[in-house]
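In what follows, subunit A forms one complex with subunit B and a second complex with subunit C.
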Partner chain A sequence: MSHPLDLKQGRVEMAHGGGGRAMAQLIRELFLPFMESPALRAGNDGALLARPEGRLVVATDSHVITPLFFPGGDIGSLAVHGTLNDVAMMGARPIALSAGFILEEGLPLADLARIAQSMGEAARAAGVPIVTGDTKVVERGKGDGLYINTTGIGVVADGVELGGERARPGDHLLLSGTLGDHGIAILAQRENLAFASDIRSDSAALHGLVATMLDAAPGLRCLRDPTRGGLAAALNEIAGQSGVGALIREAAIRLRPPVRAVCELLGLDPLNIANEGKLLAISPPGESARLLAAMRAHPLGHDAALIGECIADPHHFVQMETRFGGRRTVDWLASEPLPRIC
Partner chain B sequence: MSHPLDLKQGRVEMAHGGGGRAMAQLIRELFLPFMESPALRAGNDGALLARPEGRLVVATDSHVITPLFFPGGDIGSLAVHGTLNDVAMMGARPIALSAGFILEEGLPLADLARIAQSMGEAARAAGVPIVTGDTKVVERGKGDGLYINTTGIGVVADGVELGGERARPGDHLLLSGTLGDHGIAILAQRENLAFASDIRSDSAALHGLVATMLDAAPGLRCLRDPTRGGLAAALNEIAGQSGVGALIREAAIRLRPPVRAVCELLGLDPLNIANEGKLLAISPPGESARLLAAMRAHPLGHDAALIGECIADPHHFVQMETRFGGRRTVDWLASEPLPRIC
Partner chain C sequence: MKFVDEFRDGALARGLAATVAAEADPARDYTLMEFCGGHTHAITRYGLEDLLPRNIRFIHGPGCPVCVLPVGRIDNAIELARRPEVILCSYGDVLRVPASHRTSLQRARAEGADVRMIWSSLDALRIARENPSREVVFLAIGFETTTPPTAVALQQARAEGLANFTVFCNHVLTPAAIQNILESPQLRELGSVPLDGFIGPSHVSAIIGSRPYEYFAEEYQKPVVIAGFEPLDVLQAVLMLVRQINAGRFAVENQYTRAVTREGNLKAQRLVAEVFELRESFEWRGLGEVPYSALRLRPDYAAFDAERRFNIAYHAVPDARSCDCGAILRGLKHPVECKLFATACTPESPIGSCMVSSEGACSAYYSYGRHRAPESPA
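Moving on, here comes the complex of A and B:
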């Protein structure tokens, strides 16, 4: 019988990814206690799930965020929320998550345990089990602590038809809350911005909000979470997919004051900053009032606002009416201004 | 309009993971042409699939193999086969794959294109579309070229009930072919063993073979692909799950002569070496003859053999009758003798 893992002083070793006793021990003593689910405990090559009552959605996301721990979350909770949100943006109810870990040799087991605990808690809070997993280890210097892939499966109810190609001129654009909290929280942590230390990531699972929205607005066209690339990328993607333009109003977009302060200080455009607990909804105009009311009644949508409309535009441009009455084009950047944000 | 990607001289840049124009271009010009599928081209946050006619299986695998290219395959084809096989070992027909890339800054785009092409070809050959993906980039020195997570979804027909916990004393153990080809091919490549340069990985998708086997032996108890940890780990896992022992016969286990030569030269036990195109099947004794005939009639099972039986053993030991008539315990190692084998 081997000694139990030393979760205080121990570190990840190459053997923990080797498919032998050491890996079995890591799974049994570190992952399973935090991420318990019947399918995971069965210990087979994959997880068996009941026959789903509807069309399926599959979404995948690898998480390489640095630092691993940040105000409002960590790579574990982010990996759960990020993928659940991609599933939810398709109008699906998430039913299962997989978790694939790439660990760097030398990672403190205490950090890994904290992350596994956070993942397990986020999954339980979301009501979605982690059903299967995989663990690999790479040599010191070939990783950066750990990377986590999560893949999510969801079920779409009959009648729900969402997609980036469904927006029409005249449709209303609704944003579920403030912009920039995730990206600026990470930036503040990386740059040690003391005055911004109370900015927290908005990382959250949005499928409950989405369920409420689908009830309120059955004609909903499209949902998208403005993560990497921010709202600017999300709007430009949809404009391209649907062949429409978009016009948004700067005055309708809410920022928390410290987020606004950091953006102004560093010359960052909040439209390009990543969010992890917000969504953009595109609704037929006749349903938007009811939809907005439903969003505002949900804890994750109480700052929701109508921020603009889709318009006819053969160039599929996204434009913004600024606070000063002018108009400017909202382009997406060549890249996110903050690498490794999720 | 930006210039097209330089697929000959170009390299992965941080911007390719940034969620902006550069990432959109990488997806459009490099991934989509090789991994085309309607769901992937739709460009939404996830893929929408038809309602499945049966229970679901989900399996996930992150691939960190080094070197990226090896005789008989590369990380791309391996990432497809490895996950399809995990789905197939649950008795499922795979219906979709996701692909999550973690790219290291500086990776030649020519290598990435070759790998994407190989993934696309492997998926098409297997008849399973890659339906959704994700691309992240980490800084130079924080990765090792690239890592690929694939997650597979499959559908299990009614009546199929497989699992590592279903083996019973008296059940027959069948192995679909030779052992050690994948692990020894990688080892030979890493160590520049010239005399072993014609050893090729057995990397292959096994779901077609599995479908044949399920037809032939409806009472099949369990399937497992002996990857990391080899046959020894697979047998010990199942022995533990089912609470049985196992007795195998060395003389019944086939090795290709050059694989045997490398194992003898380097003192490696072929039972611990990883395979990527073989499976272990556990069958009630009354169905094993028919099952073996069906396996041998399939191109990926023509070297299949009955290699032993499950036995009653309160200690759940795996034992082997050696070629010399003795018995030895087949333990799993603390770790795989070859790190980063898959």
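Moving on, here comes the complex of A and C:
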């Protein structure tokens, strides 16, 4: 038996991905204690899951964010939340997660342990076990510390039919909270914007909120989490899928003052900025009042608001009534203004 | 938010727009050119055309630094960037400007050229200090607003004796471009393009002051109102122009008194004069050769002049044939009148430079005003 891993001074070495004793030790001493689950502990090539009732949803997401640690979270918690949210946006109850790690030689084991712990805590808080995993190591200089891929499986109850193609003219658009917190928190940290140091990422798992919403509004048409590309991309995607237009009101969209200040200063449009703990819901008009009340009663939706409607438009444009009273197109982002935010 | 909300007040905007509607003569059109891309951006982003009466028409002028940079200069920059010893630094939008042979700085970077996007001229200095064995070239572009920071970088480089830093200077001058537009045959003789007044530059005027416009207003009998970039600034400037036009006046008025004086920023002007001198002529995209419209480094700074160090030879390159950027930059055409607009030419794959920068008229209309021209495809 070798010495235990040095979680204070040690670093990731090529052998940690080599399939030998060093890799087994890394998994046993670093990952397992934080990500305890019976399937993971069994140590097989895959996880055996009982067959659930209902239809299955699978979603996957790779995380390459720099910096690895940021106000409001880290790459580990983000990797859990991001995939759980993709599963939840299908109306599903997530039941299992996988985690694949690509580590760069030289990454401090202390950082890796902190990230593994944060991942384990996020999964436990969400009530979803990490059931299988994988670890590879690449040479120094070939990665940014680490990348994490997570895949989630969820179950959709009978009668729940959500999809971006289901929006109809007249449907109401509801947003669960403030915009831009994640993208601006990352940018502020990367660019050392001292005045924006109190902006925290909104990274959070939304499946609890989604369950509440499905109870309140069984006729819900579509959910989407406005991550990369922001609300503008989410709305344009749905408009295209459903063949409708959308009209939103700038005055109904909430921004935290420091987020707004950074957007003003750097000339960024908050509608293009990524979020990791918000959702856009499309509901038939008759159910939106009840839906909004249910969202506001949930801690992750207390700033929820009705922000606009779907409209008939053969060109599928998304438009916004500005605070000023005029209208403008809300377009996709033309190029990537913020590299590596998720 | 303090100091921002005051200039975005919807109720004030509706009040100003109602005054414009009450005072504008319904029997005539008011054709106003906003010179600056910043104004174009504000007009489209806040939907100002929805608030104003239909006979107030905006012509979007050439005040977008990325848009007026001719293809030949981008070709020069790409040639420089492809030299193995060179690190080429520039502001973000420049990287996407289409150059000859379907290339761009961004594409050159993907093919291995060392091209870096920077936020400030001082970032280029830092890169030069950090890479003493490489040649760091700052591709400097912009109007009078971005010229002083380039001058500061050059002074600092000289003070430090930074031998591996040079500037490829493409700084241009606003008054020369306005005069060129006013002297264009379409405007002066044919009268095919009506132009009743100018919304004058905002930040540029903070540097050069309002005095340089007095000559145009007098000589060409066109009113100029210098305006800030906030939407209320633009509305107030429109009202001031309508009043001048109704009264038959053609004065230079200053709406943007919180930043602009008649004399401008004398310290910045002195700084620029120490480092730069006038070029006899410079090519502008859309306007062609414009006399005394650009700056180059003074002989004192020859050691920091990329054009001298790398013997850059300029070759003018015509625009893509079906692209109407030239006509759009002179106000002869509206973006949606170009055949390529939103079809072959989009912000993702721009053909003309007006589609590249967010201050370009085509990009502003594509991103914020496309719902107004639904005949073009989504």
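Definition applied: the second predicted complex is superposed on the first by the 340 of 342 C-alpha atoms of A that agree within 3 Å, B and C clash if a C-alpha of one lies under 4 Å from a C-alpha of the other, contacts with A are read in each partner's own complex, and residues count from 1 in each chain.
To be clear about the criterion, a contact is a pair of C-beta atoms (placed from the backbone, for glycine too) under 8 Å apart; a residue touches a chain by one contact, two chains touch by 3 or more.
Just so it is clear, the model here is predicted, and its values are computed rather than measured.
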Superposition-derived comparison: subunit B or subunit C, residues of subunit A touched: B
Subunit B versus subunit C as contact partner of A:165, first or second or both or neither: first
Partner chain in contact with A:292 - subunit B first, subunit C second, else both or neither: neither
Subunit B versus subunit C as contact partner of A:57, first or second or both or neither: first
First, second, both or neither for A:317, with subunit B first and subunit C second: second
Which of subunit B and subunit C A:43 touches, first, second, both or neither: first
First, second, both or neither for A:75, with subunit B first and subunit C second: neither
Which of subunit B and subunit C A:334 touches, first, second, both or neither: both
Which of subunit B and subunit C A:188 touches, first, second, both or neither: neither
Residues of subunit A at both interfaces, subunit B in one complex, subunit C in the other: 334-335
Subunit A-touching residues of subunit B, taken from the complex the two chains share: 14-24, 42-64, 85-87, 89-90, 92, 96, 98-102, 131-134, 136-139, 141-144, 147, 149, 151-154, 156, 163-165, 224-225, 227-229, 233, 237, 241, 274, 332-336, 339-340
Interface residues, subunit A side, partner subunit C - complex: 257, 260-261, 264, 267, 314-317, 319, 321-329, 331, 334-335
Complex interface listing, subunit C residues touching subunit A: 1, 4, 8, 10, 13-14, 44-51, 96, 231, 346-348, 358, 363, 366-371, 374, 377-378
